[in-house]
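Following this message is one structure expressed as structure tokens.
Order as written gives the chain letters A, B, C and D; numbering starts at 1 within each chain.
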Amino acid sequence: MSWDAIFPQISTGSGFWSPLVWSGAILIILLIAIGIRRLGRKDYKEKTGQTQVFLSGNPEYEKEQMHVKASNMYWGFMESMKWLYKYLNKMHTGVASDYILWFIVVLAVLFILIGVM
Amino acid sequence: MNIYEILLTNSPALIVAIPLLGAFLTPLISRINGKLRNLFAISVLGLTGFFIFWLAANIFIGKETFSYVFGGVETSTVIRIIFEVDALSIFMAIIAIILAFVGTVYSWAFMKDNTGLDKYYTLILLMTTGMLGMVLTGDMFNFFVFLEITSISSCALIAFRTNQGFAIDAGFKYIVISAIGALFVLFAIALLYSQYNALNMAVLANAIKYDFVDKIALVLLVGALAMKAGIVPMHMWLPDAYGRAPAPISLILVGVTQASLYGVLRVVFTVYGGISEILKVNAYLSLGTIVVILAIATMLVGVIMALKQFDFKRMIAYAAVAEIGFMILAIGTGLYLVGVGSLGADMAFKGGVFHIINDALDIGLLFLVAGSVYYATKETSLDKMGGLARNMKYTTIFFIIGLLAVAGMPPMNGFASKLIIYESIYQASPLLSIVAILSSIMLLAVFVKVFHSAFLGPAIPKFKNVKEAPKSMLLAMLLIACLIIFFGLFPDFIINNIVEPATNVLTGGVLS
Amino acid sequence: MTLPFALNIPYIAVALLILLGLYAVIFKRNLIKIVIGITLIESGVNMFLITLGYRKGSIAPIYTSSPGGIMALPVPQALTLTSIVIGVAVLALMLSLVIHLYRHYNTLDVRKIGGGKE
Amino acid sequence: MKDEGMSRIVKTITSTIFPFIFIYGLYIIAHGHLTPGGGFQGGAVVASGCVMILVAYGSVWMMKKIKEKNLSVLESLGAIGFIGLAFLGLIFGEVFFSNYFANSKFFLFGEEVTFGVPEFANINTAGILPLMNFAVGLKVIAGLFAIVLIMAYATSKNKEGE
């Protein structure tokens, strides 16, 4: 039996991809990771003073308030891409007429590119 | 002829006729019993699926195409409705039936509290009929008719929750878009008919000259079908429609957009595949360049807009736009490489076609997860969610599978097709690969955001007693998740047996 | 063009109808007018199909009791009929959606309804 | 109740004319295989006759007489008849939609078509085509009338609510 029959693969032109080989590799890595984890400290105990949150001496907030909401995520990205979002928001008007206008514009561009070229 | 052969030769017609008959029987059965009606709709789709897989086995193993003439055998004198089923058609039909079947199973519990369910199931079956007809037909006008059937029924389903104003708004936008798109398709078909006095795709392909009128028809067909496939900058209806429809309908709508994409492929590769070599190189170069530009815009606009959303389904809808970008990027690059004369085109088409089925499964699974989150919490905004993983274990597992698949992480199916796409478009330009990988990473970021804000974190008091989704919804998600993992672990099996014959239909007209 | 001008008039009408319909869809703000615009485009396309099948001096294509002579091409007429039937369904659906929209938003102005704004 | 329809003159004339419109529509349906027309056109004529009555007598009155559910059952029956005839083609003629009755000497629409220039075309021909026309006609009458009825009823209710 050949190697291909045991571990089927797809060739992508410049390499190959075999999920079974990959799964085997990830399994081995997982085992190594568990091994390293077992080397850790044994005297850690849950629900004791060890696990309490320490915020530089400030009082801890309620758990629900600590959750980062969806609209607050990637704040930096949004802020730095504001110039792009300005145009994109202007594009998405939510009006059916504008959707058709875009369609006509694309038709015109396509016609110029295909009909003339 | 025994009954076996009769059924096999008639199966192209039966695939469309069984859901159509089922659609009109549903209101009658609905008067007897609600559960019987649900069971009936599921079994009708199951029977259709049986015929599709039977036909598919014959096509993929026997390497033959089935053509079916409605109403008679003599074809010479009269214009007749002809179905031509080749590997690409049956490939798309498999996607359509999987999505429709899973969506109907999911609807059992999801739509339980709604009224007017007899119409709901009628419309789902009609929509399935339309999708299957679109992908199986070999006739331009017939394609238009099935396109309209699909649009009308899916519009009614998008606006199904008539007590929500924004659902009706989305339905109205969808019907405006699809009515105008379909009318332009009809206009282009009329132009082709006036040129060649034929409506059959094969006859048109033999006769086509690619003169000025043909170019107009090509532009109208590609433009209108691209709008229905949701390609930037004509994608704006898609987040509205996907985001506001009931979750199972969003799932089936993925199939509708892909049937429109199939229409683009059919027009470009089959109907316009018969033009002479010199013209072809020129046409494919310009068309390939345009499609690649549109694809890059589609990917980037899709992910960038998805990143800022905080409505769960609307975010997935923008991700779906980005995924469409991947498909047409591969296909556009393939066209370009054919124009240049490079050998890598085959690989690009293969990646694009493989990604069609992967996209349907991945995005579909995410829509179903969004639906079950909505079912449990009655909440669509991600801002108000949190800590759902504590109570909804299975849904979370399915979400992780969908997340990995959509972001193209190994070992899910999305990785296999995206890897092929990256490597094949690298031959056209390394920049394309970079953009594609970048948008894939951003897709991962988008869904990590969802994962963090909806499933992780402390339990929000409002959702302390949230229940896991009902069994039928879990079963539907399990079906798709199993397919995703199977496709991910054995991509070679899928590519060699299903994707390759389908790709050969495309490249057969091009690389000859 | 060797065609006499009179035979081109239907095509000019087709172009005018489609452009008028597009104008109504894109620039009018009333939902009912948008629906009318779509039906105008539809009539334009239908008229184009009918015109394709017309021959000068032709008779209706009824096979069994024809008095002889050239017939109009029946295929575009069949296509037009199908298109009209579909058009009725689309029109009914659009109008019922407009009724529902008016109930929810108390306006017919497409720019005031405009959900899905980013 | 505001929605009581139009004046007595209109009601009387409508009820007088309605049978003629009805018969004309049925005529168009029945002759669909011989002359221009057929199921959809005739159905549209009959349905517009029904709509005329709806306009004259008001939607509330009509809704009491005819239930929308029954109309949708009729519509389904029409569609099932159409597809069922096509399925029968599969059983008798081995091809979907095959016209197995035509020229078969069957007593219903089964006579042979005579070509040439007859005075009147024979209505008793064309196999399953007239039957399909009937089915489509039934569907179109029920469907179109149901659409208009529901729309009229919905808008009249809307007015009352304000």
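One rule holds in what follows: a contact is a pair of C-beta atoms (placed from the backbone, for glycine too) under 8 Å apart; a residue touches a chain by one contact, two chains touch by 3 or more.
Since we're looking at a predicted model, the values are computed, not measured.
Visitor: Could you compare the number of C-beta pairs in contact for A-C with that for B-D and name the larger?
Guide: Counting C-beta pairs in contact, B-D comes out ahead.
Visitor: Just give me the whole-number Å value for how far the CA centre of subunit A lies from that of subunit D.
Guide: A distance of 57 Å separates the two centres.
Visitor: Which whole number of Å gives the spacing of the CA centres of subunit A and subunit C?
Guide: 47
Visitor: With chain centres defined as C-alpha means, what is the inter-centre distance between subunit B and subunit D in Å?
Guide: Chain centres of subunit B and subunit D, defined by C-alpha means, are spaced 36 Å apart.
Visitor: From the C-alpha centre of subunit A to that of subunit B, how far is it in Å?
Guide: Between these chains, centre-to-centre, one finds 23 Å.
Visitor: Mind pulling the residue numbers of subunit D that touch at least two other chains?
Guide: Touching at least two other chains: none.
Visitor: Out of subunit C, which residues touch more than one other chain, so two or more?
Guide: In subunit C, the residues touching two or more other chains are 25, 34, 114-116, 118.
Visitor: Give the residues of subunit A that touch two or more other chains, as numbers and ranges in rising order.
Guide: Counting only residues that touch two or more other chains, subunit A contributes 88, 91-94, 96, 100.
Visitor: Could you tell me which shape the graph of touching chains takes: line, ring, star, complete or other?
Guide: other
Visitor: Which positions of subunit C touch subunit A when the two form their complex?
Guide: Subunit C reaches subunit A through residues 22, 25-29, 34, 110-111, 114-118.
Visitor: Considering the complex alone, what residue numbers of subunit B touch subunit A?
Guide: Touch residues, subunit B against subunit A: 172-173, 176-177, 180-181, 184, 212, 215-216, 218-220, 222-224, 226-227, 233-234, 236-237, 240, 282-283, 286-287, 290, 301, 304-305, 307-308, 310, 344, 347, 381-383, 385-387, 410-411, 415-416, 419-420, 423-424, 426-427, 445, 449-450, 452-454, 457-461, 488-493, 495.
Visitor: Can you tell me which positions in subunit C touch subunit B when the two form their complex?
Guide: 18, 25, 31, 34, 38, 41-42, 45, 48-49, 52, 75-76, 79, 82-83, 86, 89-90, 93-94, 97-98, 100-101, 104-105, 113-116, 118
Visitor: Across the complex, what residues on subunit C touch subunit D?
Guide: 60, 62-68, 81, 85, 88, 92, 95-96, 99, 102-103
Visitor: Under the definition above, what is the set of subunit B residues touching subunit C in their complex?
Guide: For this pair, the touching residues of subunit B are 79, 141, 145, 148, 151-152, 155-156, 159, 162, 165-166, 168-173, 175-176, 179-180, 182-183, 186-187, 190, 193-194, 199, 236, 239-240, 243, 305, 308.
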